[in-house]
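Two complexes, one shared chain (chain A), two partners (chain B, chain C).
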Partner chain A sequence: MNIAVAFLIIYFLAMILIGIWAMKKSGNDSEDFLLAGRSLGPAVTALRLQSSSMSGYMFAGAGSLGYSSGYFGMWYALGDLGGGVLNLSIIGRRMRKLTKILGSISSIEYLENRYQSSAVRMVASILALGGLFLYLMSQFIAGGAGLASVTGISFDIALVIAVAVIVSYTFLGGYLAVAYTDFVQAIIMLIGMVWILIATLQAVGGLTAGHQQIEAINPNLLTMFGADLEYQNQWGLIIGALLIFSIGYMGWPHVVVSHMAMKKPSVSRMAGVYSTAFNLLFIPAPYLVGLLALIVVPNLAAPEQAIFEVAKTVLPSFAVGIVMAAVMAAIMSTADALLLQASTIASRDLVGRFFLKEVSENTLVKVSRITVLVMALGGLTMALLQPPSVLFLATFAATVLGAAFAPAYICAVWWRKANKVGALASMLVGSSVSVVWKLGDLGAVTGLDPMLIGIVCSTVAMIVGSLLTQKSHPVSAHILDAIDSAASVTSTRSTRDVKEDIDLSAQMPEGG
Partner chain B sequence: MFGLPGFTVLVMTVIPLFWIIYTAGFYFMTRDWANADEED
Partner chain C sequence: MPQQKAIKASVTYHEALELAQKVFPEKDWTRTLEPSYYRLTGVVFRVSSPKGPSRRLNGQLIRVLVDPRTRRAWTSDDWNLSSEPVDSDLVQEEPLDDVERQQLVKIAQEAAYVQFLKHYRLAASFEFLLEHVQEAVWKPNWYAETRSHRLLIDGITGRYATATKPTAGVSPTSVP
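For the complex of A and B:
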């Protein structure tokens, strides 16, 4: 057994132990299983949010982009840097408060409660389930491929092992296990990536020397416009690259559920700071290592392997195991969040809402657990068949989810006039436009990124749909009060107590 | 700087700086958020 495999076994065992611990710590009701009893502090919230939104893409896709397009890839990184704090500052506190007021336990149930429409929940469930399942499948395949490359075992067996580990701790501990494993995995990802970056910089003689060597290969790689300057003046694509991992995150159901699990609404403040600190340390590194890989491992046939090949070249053998654990951590922390969210939507938002209405909380938790297994087996079976392009599936799902849901989640807490017609129009238009743009490769023709055009159309649909139907579908007073309460930063209890004191004092006898 | 073109240095400096200022601003401008926690 080589040292890399030993590291992976220890890592897998640690994740399963966290799952067992979480199972003992969690209660049996849905809020415990799906939201960890709304008990999470700022560090776990921040790192869970970041690691669940950064998939294996950060090691394979980002490195590949740096290797082939140079500093152009940094547009994605620069948007990504603020994705967490943007999410937490814009919807974090308000969504936490509103979901608590409305009694929502899943991020899709919340949309039904806020927009007061079962149709919103049905449409949102189907769209989210489709997107999350495709994304989940791509992570399973990436996990299997990563494990196979480290251990040398066949892809099929590696895939089954990777899925079994992810399912075991998600099945056992629910959201608490996912949150704490994601927290640990984020730290492992950070250590692994910073280690590779430092070793790579040492290998090329420092940052300036590295850039000089890249300039000798192709000076365009040091510009922000691609290896052949093909993105010069393509601001529609550049803005899309900035948006996909900043604003887009606010539409991902498996990411925004982090807000609902916060211990207190104000947890989002410190979580925002942790999130930006983590991102500054982690996110630019894979793009930069990918670029410097041109010096360390030139002429790679598969640029997706750039970071792995650099790691094997510049790191001692024992460190390669840690780095591979970091790669698996990036994949698994996204896959577990996707799995839990997809199973929640299938069990609670579809089966429990529309087919088995009269069931207890315990039964719903059992249905959630069974759905975790069913989804995993479905994803495993399809992953074994190996769809043609995993990277395409992942970016496709991420774009459609972002375009479909970002305006619905943002307007839910910020715009009192946002109603169910606007929400339905936004989700349907955003998803349809981004699907057509992506499948039709219209970005290349128009110079507009699918995420950019999808979010713009989705937002316009929300505004037009809501404004045109204010009279026929008004937002109820109950929801308006809830939105106001979620927006408030003053304690209404304190105000009430003061008012009660005044009322009582008025009842006191004169001179008393 | 660091052997990079001026525009690349500008973008790579200004945008991260923007996010740092945004985060600091968010943290300090929301000091009163804890006031509303008690009713949760």
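For the complex of A and C:
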């Protein structure tokens, strides 16, 4: 066993021990879980948002993009840099308020409550499950590829181990989540990524020297238009690359759910600041390391291994273990969120809502467990038979989820006329167009990225569908009031440390 | 109607008065500070979890308060009810019909389920057995009005909410 693997095992053991210690420390008092709830502050909200969305893609997909397309990958990075703050500032505060007013607990249930339609919930659940499954597969493959690279075992065995670790973590997450939250994982990811970037820059003699060496290999890689300048003037594709992790981000059910857990709506402002700081440090690094990997580990057969191979070359063995822990932290925080979101959708939003009205908690938990296992085994089987690239899967899932849901989530809080017909049309049109565009490779023919065309069609469908059916499907007064309340800026009035609480308004005596 | 009891207030009249005068220093009060009670429904479940990581909670009670108006629910500690009954003029309880009652229990059950799952995730094996529904658990607040505004102070947390009055025209009083 090499030192890197030993460090990785120590990392996992430490996580489990801390989790068990924290659980025992909480004693037999039920208060610790009874008093949970909407309680996240800005730093935790921001880093939780980032760690759930920054996934194995950042280590495998982004590195591979840098390795094969050079600075073209920075279009994705640019969109991603603003993704967190856009998400928090466009829908964060309003969604937090509206979900509380409507009493929604899951992000899919929220769509049903806002658009007052069980069909919206049904369609959203199915689309979300499909998108989440694709994204989950990308995490499995990234985990397997990383483990295989660091340990030297075959990809198939590494994949099985990675899936087993992720599923176990999800099942036992309750133990671990007490002390080892997404917040901590985000910090570890950041340290790992910054460390490898610095070591890589040192290995190539600095950024300028690195650029000179890349120029000797292929000067096109230093432009933002691809290795063969194939993206030059292809603004339809470039805008799509910009949108995928910026606007598209707002359609990911497992990410927007973070807004609902904020302590108060105003948290989103500070969270935006933390989120941007995190992004600036974290996001460009994997693309850059991927590019510089051409110097450190040239002629890689599998570009998705670029960052892992660089880590093995430029870092001491123990540090490779720590970086690998960062990779697994990224993968597990995302995969865990994906699996739990999917299991919640299957149990609460589908089975509990549409199929079994009188369902016990045990049955719901069983449905959740079965969902996790089915998704894990399905993803594992598909990945073993013919593993697609992490880059393809992650961008495909992000495109479908973004095109299907971003307009629905944005209009829910910003457009009073958005109704259930518009929402249904938007989700169905956005998802179908983006899937057809991506699988049919119509981007190459038309010069329009699936994300761009998907989000445009989805938005048009929302607008047309809602405007044409205002009379037959008006938005109820109750929802309009709720949107207005969510839109209102919280009063800044405060008296010493006592703040005005807008939620308390509901308790005003009638006719007072 | 049986005597109604409210949760013990943590904010005294004098504390509420001090806060009211700070929020609206203009003092054009048209309605003096008075107690106001908001109706919640309390639902109590007993945890049945003979195995799994949540077994240490087997047999324990979980209390959930549901706001029948907004349909929000949250788990809580034991309701710390005051020993003194509430002035019957201030609380008017209309009994819940069966459908409403079932809906509130369902909302409470979901709230408890989500909290449980957040903590124990999928390793947990549990059921909630309905123990008791207390149709009205009165939450204490303090209420006052100025010429232009309404003010509600939370009797538990001391936070406050204001609302603009739709019409003015009542003569002010000198103190709340």
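Simple rule for what comes next: the second predicted complex is superposed on the first by the 388 of 512 C-alpha atoms of A that agree within 3 Å, B and C clash if a C-alpha of one lies under 4 Å from a C-alpha of the other, contacts with A are read in each partner's own complex, and residues count from 1 in each chain.
One rule holds for everything that comes next: a residue touches a chain if its C-beta (ideal position, glycine included) is under 8 Å from a C-beta of that chain, and two chains touch if they have at least 3 such contacts.
Since this is a predicted model, take the numbers as computed values, not measurements.
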item	value
First, second, both or neither for A:224, with chain B first and chain C second	first
Which of chain B and chain C A:361 touches, first, second, both or neither	second
Chain B versus chain C as contact partner of A:382, first or second or both or neither	neither
Which partner reaches more residues of chain A (counting touched residues only), chain B or chain C	C
Partner chain(s) touched by A:191 [first = chain B, second = chain C, both, neither]	neither
First (chain B), second (chain C), both or neither touched by A:340	second
Which of chain B and chain C A:369 touches, first, second, both or neither	second
Partner chain(s) touched by A:100 [first = chain B, second = chain C, both, neither]	both
Which of chain B and chain C A:280 touches, first, second, both or neither	first
Shared chain A surface residues [contacts with chain B and with chain C]	100, 491, 493
Chain A to chain C touching residues, read off their complex	23, 28, 30-37, 100-101, 103, 105, 170-175, 177-178, 340, 343, 348, 360-362, 364-365, 368-369, 372, 491, 493, 495-496, 498-509, 512
Partner chain A, residues of chain C touching it in the complex	19, 22-23, 31, 36, 38, 53, 56-57, 60, 62-63, 67, 69-77, 107, 109-111, 113-128, 139, 141, 143, 145, 150, 152, 154, 157-163
Complex contacts: residues of chain A adjacent to chain B	71, 74, 78, 81-82, 85-86, 88-89, 93, 97, 100, 207-212, 215, 222-224, 264-266, 268-270, 272-273, 276, 279-280, 488-494
Residue ranges of chain B in contact with chain A within the complex	2-5, 7-8, 11-12, 15-16, 18-20, 22-23, 26-27, 30, 32-40
